[in-house]
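One structure below.
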Amino acid sequence: MIKVGIIMGSDSDLPVMKEAAKVLEEFGVEYELTVISAHRTPKRAEEYAQSAEERGIKVIIAGAGKAAHLAGVLAAYTPLPVIGVPIKTSTLGGADSLYSMVQMPAGVPVATVALNGAKNAGLLAIQVLGVADKELRERFREYKIEMANKVMETAAELEKLGYEEYLAKYSR
Amino acid sequence: MIKVGIIMGSDSDLPVMKEAAKVLEEFGVEYELTVISAHRTPKRAEEYAQSAEERGIKVIIAGAGKAAHLAGVLAAYTPLPVIGVPIKTSTLGGADSLYSMVQMPAGVPVATVALNGAKNAGLLAIQVLGVADKELRERFREYKIEMANKVMETAAELEKLGYEEYLAKYSR
Amino acid sequence: MIKVGIIMGSDSDLPVMKEAAKVLEEFGVEYELTVISAHRTPKRAEEYAQSAEERGIKVIIAGAGKAAHLAGVLAAYTPLPVIGVPIKTSTLGGADSLYSMVQMPAGVPVATVALNGAKNAGLLAIQVLGVADKELRERFREYKIEMANKVMETAAELEKLGYEEYLAKYSR
Amino acid sequence: MIKVGIIMGSDSDLPVMKEAAKVLEEFGVEYELTVISAHRTPKRAEEYAQSAEERGIKVIIAGAGKAAHLAGVLAAYTPLPVIGVPIKTSTLGGADSLYSMVQMPAGVPVATVALNGAKNAGLLAIQVLGVADKELRERFREYKIEMANKVMETAAELEKLGYEEYLAKYSR
Amino acid sequence: MIKVGIIMGSDSDLPVMKEAAKVLEEFGVEYELTVISAHRTPKRAEEYAQSAEERGIKVIIAGAGKAAHLAGVLAAYTPLPVIGVPIKTSTLGGADSLYSMVQMPAGVPVATVALNGAKNAGLLAIQVLGVADKELRERFREYKIEMANKVMETAAELEKLGYEEYLAKYSR
Amino acid sequence: MIKVGIIMGSDSDLPVMKEAAKVLEEFGVEYELTVISAHRTPKRAEEYAQSAEERGIKVIIAGAGKAAHLAGVLAAYTPLPVIGVPIKTSTLGGADSLYSMVQMPAGVPVATVALNGAKNAGLLAIQVLGVADKELRERFREYKIEMANKVMETAAELEKLGYEEYLAKYSR
Amino acid sequence: MIKVGIIMGSDSDLPVMKEAAKVLEEFGVEYELTVISAHRTPKRAEEYAQSAEERGIKVIIAGAGKAAHLAGVLAAYTPLPVIGVPIKTSTLGGADSLYSMVQMPAGVPVATVALNGAKNAGLLAIQVLGVADKELRERFREYKIEMANKVMETAAELEKLGYEEYLAKYSR
Amino acid sequence: MIKVGIIMGSDSDLPVMKEAAKVLEEFGVEYELTVISAHRTPKRAEEYAQSAEERGIKVIIAGAGKAAHLAGVLAAYTPLPVIGVPIKTSTLGGADSLYSMVQMPAGVPVATVALNGAKNAGLLAIQVLGVADKELRERFREYKIEMANKVMETAAELEKLGYEEYLAKYSR
């Protein structure tokens, strides 16, 4: 059963947003993924948000750039938690996407992650689902341990090789 | 007949947005003025935008702050030109309101004026209506002349008094 | 049973952060509220985060300003979702607090809301808990309707009175 | 008959500004397009703005970068609505162009669109002309529908293929 | 004979711009001071700039805020050096005024000083006039020495009193 | 024997910079405190920096605002570590002071602390002196413990009173 | 006789700063050009600034990046006008260089031009020298006319060819 | 004996951070270099910081990007001075890394250097160690002289060759 909806404002956001999908796959959580534009297909955004809950969706992830209204528009129409991924474009260092997404007015929160932080959006969805799913929470805890272990291995190799050899090995 | 709709996201925007209304009154253009929240009353925003044209509205002015989506949401649902007034709040110097309003994606423009620039929003509405209304265009030309004359008078008085006397006269 | 922990970096954040508590009270969700400094009491931050889950906490809300590491430090030590409230101080328009909180690296998300957005942090906690609590989700839906109704009433009054009378009534 | 003047500060702005021209062509609206520098050819800017109305121009679109005064200078000399396109250059993330264009003083509005938003400038010109041209307004409405349909088709294909196949198909 | 023209975009800039006048008085350099708006009285700006040289003006000082085009417009019409004072307003921390003034295109420089730096604009005018006026240069050198002496005296008093007594003496 | 020099660009920086002095007093470290302007008394800055080491100074703390060159100028003339305190003024949110101080070129570091972070500058000086002074390091460790204890006490009181009573007790 | 000194903080600034030299050559004004680091060779900066006037230098142009103190340090030691060129580096969009240069304290102005605006620095030097050199002023006036003519020719060609042919001709 | 610990948040920071190591090698100061993530391996960060002093470490250098908490986390757990290197990533011009590192609360300083300023972090460590090591201080003084000499040689060659020949020689 599909539990997470991953929505993006344009297919140009897909190379970033696919990271959220990958995380959900890794955790075995079903999701759907599509393109809805808050400004070009506003009616579809409304319908998606309004029907999501009854279709069994638990969390919505929305990615958009520049005047990034998508997450806010969805949040306006649903009681479900909406996670926002501000997409970095070439203007204003990404501040436009970030501010448009995070600075929501009282009453309609968007859970905003870092610029291009789609992977973290996926993980946050896991954490939210984990509130009522002990197994998922357990798997997330393991994920954190594996992540730590990978950093430890990197550290061990760097300490062993020294920076020159390490850079020579991993740089082109 | 009402030709301009002035919409704001919250009644806290009214001290700024009333300047747009005053300009329209000065030019004898009928308007309506109300509060619609893009995030708290999204359905009403949709209905307003969709019905505006058939009700005879020609231009919409929308003011909002922070993640200022109101103008964009209205523009998504109407073919009418939408003029956006980013409202300055206490955060980020106002950059959040400005970026959220002006950085619209291709296909859905918002005609953005300065932070708190509600007076200019009113004047821009006059200019837009003036495209098909020679008399209004004429009045706008006169408005510009009067505005120039006021600056000239200020200049003349300052030149005559010198800065010390001028400041003494006009400061408390 | 306590389900939400509201943590702030300093008691000077309390006038902002109390809004999160008020929301939880309004929804009948038990919470605890305290001060933990990521930099001055790092050990306590670690212990709090590590024990939160087994104590039954489901969501953590963390507010901090400037180099606002608190939410990130807690997130590092717990699998629970952490909601971050960047506190606006007098420097850099609040960009320091916001960037320090939202720009988390892959693997450790913080669900960031607006600058000083403690009320939305509370609501987001409700939404997260609502994923597994139909009644809470229902109450949130009602909350949204009431919120919309309040905006409608404001709008109706403003439309009735006109901006001059309305401002005269509500301004000092 | 020429109804829109597209002006840019330098021929280096042409790759951006041609998008405004393309939109006007698509809608069958005649335009003229040229280079006028507010700072290097100020007299020509003045003459252009002062004669535009009597030559039948209804809307002026002006694009410029950095200390982007062109739109403001034209607006100072004409009662016609002026649409400004801030051109992104390599400095300050484009904030210089945007602020110089949008932050106009009371009395002289510039209808500013997004950084490099020349396409939207063209569409806004269509909307402005549409105020007095029902057919154009109708065509703009259709344009919005086609735009929505294209997003729907993209969404349908992405949903059908899944993100991996979709990316494989459309990436190099 | 009047050698320096001090121009400001609005009489609201006078409390800042009068500092330039005071400096010139201190150095015994004649000046004129008036209000010219680049946007509201563009023709007057043009005429002022074009006639300044033949009227004997050697340097122009121009102060303006927000989309601060005044200095650039004057520079477009005169071969004289133009010194720009970006006026800080309440928006965007003053970045709008600064960027609009300093980011001039190649060919038309504006010698920009700090936000609200009207005193330095006056001193820079003295330095420019000093290029051809040995006596003025000499007086500027003395000015620098006096300025240094004042800092020395402050330092001596602070060293003697200690910070507590010093603050008690000079704070209210 | 004086071990730390606290320098500020103007006596207007004293209300901020005195916090560095207070910290040093608390730790029993002798210091001198004076005003030296990098721009108005450059020669004195040079002489101070060049003689500091032989006079027994071990660390220099320098506070300045806007184009805050003082720390960099001192660092250019001495091999001693220089700690910089960017002073927040009313312009640009303090970014001018911060960037001018921290963005030093390779070869001449300035150890920059937070905007108005004079207290931390004092503590950093203690830490630097502590590298060769075990007792001082010990006292700094105790300082950290006391600081933690104070946060704990605050937390305990807040937990006991609840936020309403706590705010009532500590607010005016 | 050498009238202008062009100084830069590093030879990496030369590709930008050579534009100032080219302008001076074009106007037949003798200059010297060298590298002086405010932080690595502070003594040389002092000596250069102190001896410049007696060696006949009339204007100094200084270019530097990041914590760009060079212009300010030179200005501290000379009564001559100092023109500053903030060099754009890869950090902070260039805001660091710009703020460090332009935000000088009262008493020590730096005439700042645009980021990487070395050409304008050269032209400003010509304008400053032109205050006492009618011929140079005359040549500058001609320069402005030629510059305008070039823009006119560009405009004429673009108008004749249309944007498609024009872009085809001038793009690779 | 190892006196300096160089820590970075990820091995992707190594190309920047290796410059700190190189400086320490040049000065003959022993160091260790490894990867510790404040968010992925928080326990290891704690243990490293807590044991550093007793292992003889005198100074810690920490480099991290985006929400750059590493230096602050280490500083929370050790009385040793911590030098922070904000790593520039592609977002927000690097302001996120810088603000997260430098804006530390009172009580826990981080000695922050420029964005990507790892070389200066190494030199600052030398200066700090030099407080108690006259020989090291002496070597740092020589380092400054050599650095100055290199600038002088560059200047001499540029003066001799002129900018055209110099650029031809050193550009590809």
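To keep things simple, chains are lettered A, B, C, D, E, F, G and H as they appear, and every chain counts its residues starting from 1.
The rule we apply is simple: a residue touches a chain if its C-beta (ideal position, glycine included) is under 8 Å from a C-beta of that chain, and two chains touch if they have at least 3 such contacts.
Treat the numbers as computed from the prediction; the structure is a model and nothing was measured.
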Touch-network distance, chain C to chain H, counted in steps: 1
Repeated interface matching C-H, over half of the contact pairs identical, chosen among E-G, A-B or B-D: A-B
Averaged-CA centre spacing for the pair chain G and chain B, given as whole angstrom: 40
Distance from chain C to chain B - Cα centre to Cα centre, in angstrom: 33
Chain D-chain E separation of Cα centroids, rounded to whole Å: 36
Interface hub residues of chain G, defined as touching at least two other chains: 10, 37, 40, 43, 66-67, 91-93, 95, 98, 102-105, 107-108, 114-115, 144, 147
Chains touching one another, given as label pairs in label order: A-B, A-C, A-D, A-H, B-C, B-D, B-E, C-F, C-H, D-E, D-G, E-F, E-G, F-G, F-H, G-H
Chain A - residues contacting chain B, complex: 9-10, 37-40, 42-43, 46, 66-67, 69, 72-73, 75-77, 91-92, 95-96, 99-105, 107-108
Residues of chain H touching chain G in the complex: 88, 93-95, 98, 114-116, 144, 147-148, 150-152, 154-155, 158-159, 162-164, 166-167, 170-171
Residue numbers on chain H that touch chain F, as the complex places them: 53, 58-59, 79-81, 83, 98, 102-115, 117, 119-121, 123-124, 127-133, 137, 140-141, 144, 147
Chain D-touching residues of chain A, taken from the complex the two chains share: 10-11, 14-15, 18, 21, 32-37, 40-41, 43-44, 66-67, 90-93, 95
